[in-house]
Every structure is written in C-alpha cells, then in structure tokens.
Amino acid sequence: MEWTDRTPSTHQLRYPFPMAKLAYLGPQGTFCEAALRRLQPDAERMPCPNVGAALDAVRNGEADGAVVPMENSVEGAITETLDELAWGAPLLITGEYLLPVEFSLLARPGTELGQIKRILTHPAAHTQCRGFIEKELPGAVVIAASSTAAAAQEVASPASPYDAAISPAIAGEYYGLVELASNIGDRKDTVTRFVQVSPPGRLPEPTGADRTSLVAFLRDDHPGALLEMLSEFAVRGVNLSRIESRPTGDGIGRYFFHFDCEGHIADARVGEAISGLYRLCSGVRFLGSYPRADRVAPKIKPGTTDTDFETAAEWLARIRAGQV
Amino acid sequence: MEWTDRTPSTHQLRYPFPMAKLAYLGPQGTFCEAALRRLQPDAERMPCPNVGAALDAVRNGEADGAVVPMENSVEGAITETLDELAWGAPLLITGEYLLPVEFSLLARPGTELGQIKRILTHPAAHTQCRGFIEKELPGAVVIAASSTAAAAQEVASPASPYDAAISPAIAGEYYGLVELASNIGDRKDTVTRFVQVSPPGRLPEPTGADRTSLVAFLRDDHPGALLEMLSEFAVRGVNLSRIESRPTGDGIGRYFFHFDCEGHIADARVGEAISGLYRLCSGVRFLGSYPRADRVAPKIKPGTTDTDFETAAEWLARIRAGQV
Amino acid sequence: MEWTDRTPSTHQLRYPFPMAKLAYLGPQGTFCEAALRRLQPDAERMPCPNVGAALDAVRNGEADGAVVPMENSVEGAITETLDELAWGAPLLITGEYLLPVEFSLLARPGTELGQIKRILTHPAAHTQCRGFIEKELPGAVVIAASSTAAAAQEVASPASPYDAAISPAIAGEYYGLVELASNIGDRKDTVTRFVQVSPPGRLPEPTGADRTSLVAFLRDDHPGALLEMLSEFAVRGVNLSRIESRPTGDGIGRYFFHFDCEGHIADARVGEAISGLYRLCSGVRFLGSYPRADRVAPKIKPGTTDTDFETAAEWLARIRAGQV
Amino acid sequence: MEWTDRTPSTHQLRYPFPMAKLAYLGPQGTFCEAALRRLQPDAERMPCPNVGAALDAVRNGEADGAVVPMENSVEGAITETLDELAWGAPLLITGEYLLPVEFSLLARPGTELGQIKRILTHPAAHTQCRGFIEKELPGAVVIAASSTAAAAQEVASPASPYDAAISPAIAGEYYGLVELASNIGDRKDTVTRFVQVSPPGRLPEPTGADRTSLVAFLRDDHPGALLEMLSEFAVRGVNLSRIESRPTGDGIGRYFFHFDCEGHIADARVGEAISGLYRLCSGVRFLGSYPRADRVAPKIKPGTTDTDFETAAEWLARIRAGQV
C-alpha cells in the first residue's frame, strides 16, 4: 500500500528550494508528515510534539524548515499555528499544500473486520467517521487518543486492548498495521492546508498564482477599523481569501487579524495595499508570499496590473517634475 | 473557601427569566459551571460531556437552557460552540457572563506545597500557569488531563498517583481538595465569555447595553463580499464587536461568518442593518439579543437613534402620500 | 413646417394628469415651450421671463404647473432651476422630457442665404453653430441677443437691422420667419432635459422606469461627508444618475447637493436609501419621483427588489416577536 | 477712494513668480481685475472678452498668465472656466485669490442719491442688491447690462440715459464715477474664488496649506463609479474640498468630474491618491497644486504623513528584499 497514490497529482506545487531537514507536527504517521513528504520528498523529517516546537526548531536552527497545519476545511483555522506565527520570532511561509484528509481503519495483521470491538482514535476523526462506524461496526466502542497517529502506534502493540485505529494510511505503514478500510470519512472532500515555513530570508519568486499571508494589529480598536483594513485591499483590487480574528490577550473584544490575500508582495497592487495597511495599523507582520497550491490565478481588476501601476507612477513623476 | 467572592460583582447581569434546569459543559467543577451559578444561582445543573450535548439537551427539552463557553481572551473563539449554534436546530442566546479565569493549585487535605512532584491539569491550564510552576514548583512534572475539572476529580482519589491539580477553585469544593495557591495564572486578566442559551422564543428586553449575535452565509463568495457585509452595519451606525470566519465545510476558502454587534435587534438601526444583511446573504441565522455583561452602552452615531428612524419613517410616509 | 416631426416619438412619456395652464421659460418660441407642447399638448401656455417667475407662477396658483430646463448635454446643469427648486417653497417634479436641441437659420420671407450679413442669436447658440457659420456664411457677423427666441422676434420686425436669427424652429412659426437651414448645430446629438413641475401633492405612479430627484444639505461639512451620502444609496443598490454640488451661500467650500437616482420613492430600496440620507443630513428636500423620459428600467442588484425588502421585513418581524 | 483697503490683508498669498503680463476677464474694472491686482500688483493687465480668450492668450503666448473666476460663494462654479480648463490645451493653476464681492453704487460726479431713477447693472448684481434698492431707491428702475464693469463704462458717458451703475468700486476708478454707496449687497460675505493660470511647467512649491485641482473622466459610467473615485481619496486620507460634475457632451447622464483636494501633489498621500484615480479612470488631467488663499492647513489623518509613507515604503522594500 502506497499512500501517495490517493492524493491528486494535479495542481500541487513542489517548493523549489530543497531543504535538508524539516520539522513537523508528529508523531510519525500524521497527516502533517504526509504533506511534508509531498512538499519535500527527499528531506529528513523531524517529528515534534506540537506546532510551537516545530516552529521553534526552525527558529533555533535545528531544522531548515517546518511543515505545520494552517486550516482544515471542516475544523477551520489551526489557532495554535496562527498564534505561533503571529507572536514568536518571525518566520516565512514559503509554500503550501492541500492534503485530502482520508482516514483508514487500521488493525494488526490477522484482525478481521468482524472482530473489531474497541477502536482508538482522535475525537475529531471519530466525529468525521461516525457514519462509517454506525454502518459497518455498529457495536464497536470508540476510545479517545491524543492523535490519530498515536492511536495507530498504540494499536500496533501486541498487548494493546484496542482492536483498531482510525488513522491516516501513512500511520499504518509506520506501525505495521493492515488497512481494513480506506477513506472512511463521512465527507469525502475534507482537506487540510499545510504550510511550509522557512527562516526569514529570500521570498519565493512570483508565479502569477500566489498567496500572501500577514497579520495586522489595530492601532486602536475603533468601530469601523476592520472596514478600513478591508478597504486598503479593495481599493487596490486585492482580494482576500481568508480572514481570521484572534484575541490579543488583552481582554474580550480585543482582536488582531490574520489575512490571506491573492497575489505576491512583489505585485505592485499587493505591495501598495499592504503598505497602506502598515500605515493604518499599529503593527503588520508579513508572513510570506508563496505559490498557491491550487494554482488559481486571480482575476485582475482593470487598472491594477503592474503595468498600470508603472504607467501611473511615470505620469505622476512627470507631473511632479512640471512636465504636464 | 467560597469561589464566588473573587469574581467582580460589578456590571454582571443576572438573566431575569429563572430557569429550573440548565445543561453545561461538565464535569462538575468547570469554569462553565461557575458561570452558570452566577447567571442562574438557583437552577438545577446538568453537566454534559461536550458543548454539543449541552445544546442538544435544550433542543430536546431535557434542560430549560444551557451555559456554554463562547470565547476566551487568550485562546479565542470556542469553535465547537460557534459551529453548534450555526448548524444545529435554532437556539437563542439570552445572556452572557464574563468569568475571570483563575486557576488554583488544589491538593488532598494534608498535602504541603513542598511535597508536590506530579501535577495533573489540562494542557491549556499548564500553558497559562507555566510561570508559577517554574518559580514555585521547579522540580514538578505536569501530566495532561482531559479537563481541569477532571484533573481535580482524579487527584481527589486517595490512590491517585498525582499530588495536585491545577483547576478552578470550584472544582476543589466539589472534590474535597484544599487550595494551596490561588489565581496562579501568569496573566491575571484572562476572561472567558459564557453564553446562556434558551430554546427559541421570547427575546430578552432591550436594556440600552445589549449585544446581538448572528451568523451569515454568503450568497456567493465573490471578492468584496465581506466588505459588503460590514457596510450594511457601518451605514446604519452599528458597531461590530466580534467577527469570526468559519469554514462551511465545502473546501478551503469557503467561509461563513459569526458577528456580534452592539445593540438589540429591537433597535431600529440594528434591525435595519440585519435586514440588509439578510437581503445580501444566502442565509442569516439570528442567535440572540441579550444584555452585555460589561453593561457598556454603545456610542450612538448621530442620526441612528430610534427616534431618528421614526422621524425619517414618518417623513418618508408623508412624501409617499403626497404630503410634501 | 411642423416642428414636432423632428423629435423622436419613441420613449417620450406624456404626463397623465392634464394641466389646464402651464408656465414656462419664455418668450414664445423657446425650446422650453417646445418641450411643454410635447408634455402637455392641450394646455394653455404662459411664458415667463425667467425660471424663478415660472416656478412662482405655480407656487402662487397662477399656473397649474410649469416646464423649465434642468440640464443640457453640453452646457450642463441649469443652476437657476437647481437653486429655485432647492430654496423656494416646495414644488414637485412630475415629469421630464428630453428635447433634441436643433437650431434653425430663420429669416424674413424673401431673404436668401447669400444676403445674410448680420445674424442675431444667443451666445450659446452661436458657439454651438460656429462650424455652420464658418462654412456657409463666412462673411457674416454674429450679434448677441438675450435669447434665441428673442432673436427671432427681433428679426421678424421689418425694420430690423439683422438679416437672420439662429433659433428653434418653433420660434420661426411664431414670428413668421422662413427656415433657410435646419439642424445647423455642430453636434447633432445635443439634448436638453426639461422637467414638468407641479404644486406639492400626489406623486406620479411608479412605472418601473422612474427617476427620483432630491436635494441634501450636510449636517456638518466634514471630510468624507459626500462618501457617506453616496454609501446610503450604494448599500441599498440605488444608482445615482446625476449629482451636482451647489454653494449654500455661506462661503467658498460650503455646498449642498442635488441628486437624481434611479427608481421611485415608492420602491423599497429608494425609500430606505432616502430615509438614510434624511437621517444623515441636516435637511433633505424631496423634489419628485417621475417617469424617465428614456424609459430605461434600472438593473436591480440582487437582494433589493420590493419582494426582497418585504421578505426581510417579515423575517425581522418574526425574530423580534420571538418566532425564530 | 482706494478699493484695495476693503479686502482683508490676512491670509492672502501672493504668488511668488512675478509675471510680466496677465490676461483676465475684462473689461477694465471687473472683480477679476481686482483679483489680478492683488495676485500680481506689478503686472501688465490684458482684458479679454471671455474666459476662453483669457486662457487662449496664455496658450498662444500673448500673456504670461491669466486670472479667471473659478467659483462664487452664491452663484457656484463658473462652468466656462471648468470646461475651458478641462478641454483646451493643458494649463496649470498656480495660485488662487478669494475676493469679497462688494458692489458700489456709482454715478457721474454731481449726481445725488435722490436723483437716481435709472440704474444699469448685470442681472446677478441686481439680484444681490435687491434689498438696498428697495430700501434706498424704491422708485428706481433697473436695466440689465452685459457686465457690471460695462455698466460703469456706459454710465460714465455724459449722454448716458442711466443715472447710476452697480459695479465694483474699481470700475468707478477707471471710468471717473463717484461712489454714492459702498458694499450694498444684501449678503455681506459673498466671495469669488479666482485662479491664476500659467503655461504648463514648474509647480509652486508645497507650503503645507495647498490645494490640488484635477479633472477625471470615467472609464465607463457604471453605478458606483463616483463612489470608487471618492474612495481613492478617502483611503489615503485626502479630503476633497470641491466636486463638480460636468457633462461630457455625449448625452444626458454622461459626466466628468472636477475635484479640488487638500494638499499638494508632492505630498505622498495626494500623489498616491491621484495615481489611484489615474489607474481607475480613462483619463485624469492635473490642473495644478498651489497655495490655498485661506492658508488653512489640512488635518492629517494618522498614518498619512510623508514620513508615514516613507517608513512604509522602506518596510515594504525590506520585505521584498527578503530582509524580514
């Protein structure tokens, strides 16, 4: 069984800079590792107990990069990642990967479906596979594990009191389990977006289908502040693809914002929009410009191409120089 | 020891309709129970294993209401609550409570501080009390529990291998533990906002310092859609106090939005703004208008009082009737 | 020669309420009279020396209505009309007419083109017919008259020192002149919009292709005030077809605004937008809702039909009544 | 009698570049000449029959500059000036002057107030002095002249059938008339704004209290186009002090726009706003940046000073260079 053949090979971009060693959200066998293997197939992989530890490994030089989950199409934002990127020492997102979330029912070799009475998995996986369990394993009890990979690890032990794990297929590979059923989630289209994080430095080149991530802190939390922030993007024709509010920690009602916008900061319209945001806010942290995993190029509003900006800048320069 | 005397008695509003029985996020001894006891001191309390179960207890009539966490000033939104309110059968938020998050170090009677080697608590509590532990209990090991209340319950057992729990003080009351240290969190101002949820029905009366919660689904996810939604509020002078994006489940990049705005839906400006949102969106779910726990009345933009709306409506009616 | 056969009979709407007597901007033979004859063919016509006098005739009951020029596609707004409608006793616009501005070269019977040396006309007509004069009457001198109709009247006098007038064809009818050349303007598509004004009272019925005119005075002249006014329309999906700033008289930099918007004040979206404007401004004067002369129906933004407003209002009413 | 001592010497700025010869709206004795004499006291003055002729004198080199009226606090925009600046060969506004409009009653020496039966003046002056005439000269007849200066010229002729002129005091100086009454207008605060126009070339230096004038043509006349234009200014914190719509000549409902905004095009916020307008529109004509006559410095929105723009640009450059 080879896990990679289930993920679509279309519109997935491999980040061009090879990295020798990457940290990721472990243990071995997580979806995060699966994403890492697609992004950097040849890299050494360093599992970490949580997102913060994976990012710290990049910050302190133990790893050349990290792969961490950013958001899931059902569960939403991974707030630990949002907060770690916003508050810790600066890092740079240099790639992303959209991984279909496909759960497998894994058991020790020799176990048959009819024998499964006790299933170990993470509660989120339990929720997402409820339909399968009710239909195929109606009498089984589900016990909560700290992660789906950890469930597989536990089940692999011959002495384990559990009969099966619901885990990524990749975990079965690691722990020597057999896949009794694959892609057993109730929704077949669940996806997690993972990002590849690098130390601060050179940005990926613009590709025409890029995404830019950033964090903005309000100067003061007046009514209409969010509207003003969105206007900075809208006036330059820059579309936002995601917005998340996060608490600043200073009390209920005090938030900062994560934005993903279409385009690369090297694009004139994106640069001007983010400069406007920078002037408007008490602080803006740039998190990176990187190729979109879905390779969808944005629709450009008339008047906002790089050429339009150049032409306007030349016109302005001539006027200021008295060459009307 | 009496837990209630630590919470400020100022600007906390008790919901006027007495409820005989309320579900809450258990087990006994959670912060959620503490909030419930402030909101409805005389009610029977029904602990539930998760937010969904507590809300379902209201939906199916087992409880007259529920108290669940909505957001925390450090951790952010409780996404389980957001999603349960957005997707399940409709319910009504009828009150809120801001509970300071104060952790206590709890141990079995007779235990002294110097004896504590193994501490049981929820990872989030561990994170928030890291400074205290490093300073006061430098050699102690911290083990993860599923909730802070469950940690107290476990430590209460004479045979427990753990010496202490980090939990709400209220949990100590329940499980017969002694409070060795109180309010040990690194940040002293952490607050969780809890909401009281009722079956659909009569709304709380406007008090002049109210909050309205709702959920909006975009008709189509075009660029600028969020800006349009915010404009519906801004044009009527209605301030938003919170906005959260949540995935619709239909793939990365598809979101719906939770809004909290200032004012009561009985206010003319709020009603018109939400009607505008209703016309703009494919769906709007009203989640409730209820007294703000902080009792802060909004600053009213000139021209947006109820009287202003009435005067304008009368003027319009006269004009339409040809009485210019 | 019959002047009426030159004006397009398409998309011109006759105002349904017959009026016995209408004032207009005289003297006899003006474009204004031509417009009046199209709007109210059977009415008695009362020429007035200026727009203010024509409107005052309606105000004091001497006339049942008036027809006055509002704007010209080359010269722009007729500011006298804008100011008279804004400041005098209220009146109601109940119709409009788009009259092509076609100039004729008129002379006493027996005069031939080659004999014309001295031409009398209004300076604006001179400007608009400059090409014709240069080509056909290169040696002729043009002398300024107070109006094109007055020019025709003067030329009609046998003792007149002028050989020809440039005037509306209708003026030739009145004063017994012969049309030596017709439609001699350099631009063939110049149009003047005339409005029919009534005493305050019943509004014309909505037709689906209506226009609404109004005047708005700012509460205070802060930056962004105009943007706020436009937002009141934009949020309700109401398009503006014309905006004019006019001085309040209180000094340079103090303006009020004339707006024409698409739709009828009986339309829900228009009514709500104008109510919003009314709340925003220190004063709004409604000038009328009336059928558009061009019969162009507006494109309706999704969510802003009368049905959408009704549905939203019902939804809001149910929510406020606790019937969620 | 010296006319100049009536105009406030406060906050009026003399344009620094001396001009040898300036065209103006004549004849001698107009308010326009009075403004010119304040702006360029030592220049040779060249009266022209209309605004177009005065501007053409600059275009063809007959004059070094021109002074023409732009707007009046009662009558509004001088549309001839707006259109001549928008459509003819480009010129540059390099200064402005706010001239109080003060009318005098002028007569031939020896005439007494009681003898005045026939008054000659321009209709606008008649309108503005109606109160004085009714009170002081109740039996007098007022006859219309083509301009107030021309009225003075006519009355100066010993054979004139008119007893007095209502004109600027300066006209009395020219034509040897006596001032029987001064500042007789019903409103004492009427002001006309005149602009000094130069050939294209070097701009006046920024002074901190400047105004910028420009003309913008819409790319297409879609609903919301004006709102988009205003947003380009608003987002950069640039306040508009005047907006005028003018017909393009292509039919009713087709307009272009004159804007005056606060600040100098050398200001970063103004430059970026106008560049944004340039990208949005099918055409933008810059008309000039020049010191405000009232010397009022704009209130700067936080985040929009030149320093703020520089800081943001440096930040952006660092990010783009990978120096996060």
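Order as written gives the chain letters A, B, C and D; numbering starts at 1 within each chain.
The criterion applied here is as follows: a contact is a pair of C-beta atoms (placed from the backbone, for glycine too) under 8 Å apart; a residue touches a chain by one contact, two chains touch by 3 or more.
None of these values were measured; they are calculated from a predicted model.
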For this session: Treat touching chains as neighbours and tell me the shortest step distance from chain B to chain D.
Result: 2
Exercise. So if I superpose chain C on chain D by CA, what angle comes out, to the nearest 5°?
Worked result: 180
Exercise. Same or different for chain B and chain C, where same means more than half of the interface numbers show up on both copies?
Worked result: same
Problem set entry | Between chain B and chain A, distance of the C-alpha-averaged centres to the nearest whole Å | 27
Exercise. Taking each chain's centre as its mean C-alpha position, how far apart are chain A and chain D in Å?
Worked result: 59
Exercise. Out of chain C, which residues touch more than one other chain, so two or more?
Worked result: 231, 234
Seminar exercise, completed: Per the touch rule above, chain C residues touching chain B in the complex are 90, 92, 200-203, 219, 231-232, 234-236, 265-266, 271-272, 274-276, 278-280, 286, 302-304, 308-309, 311-313, 315-316, 319-320, 322-324
Problem set entry | Residues on chain C engaged by chain D in the complex (per definition of touch) | 71-76, 79, 98, 144, 146, 187, 189-191, 193, 223-224, 226-227, 230-231, 234, 239-247, 249-255, 299
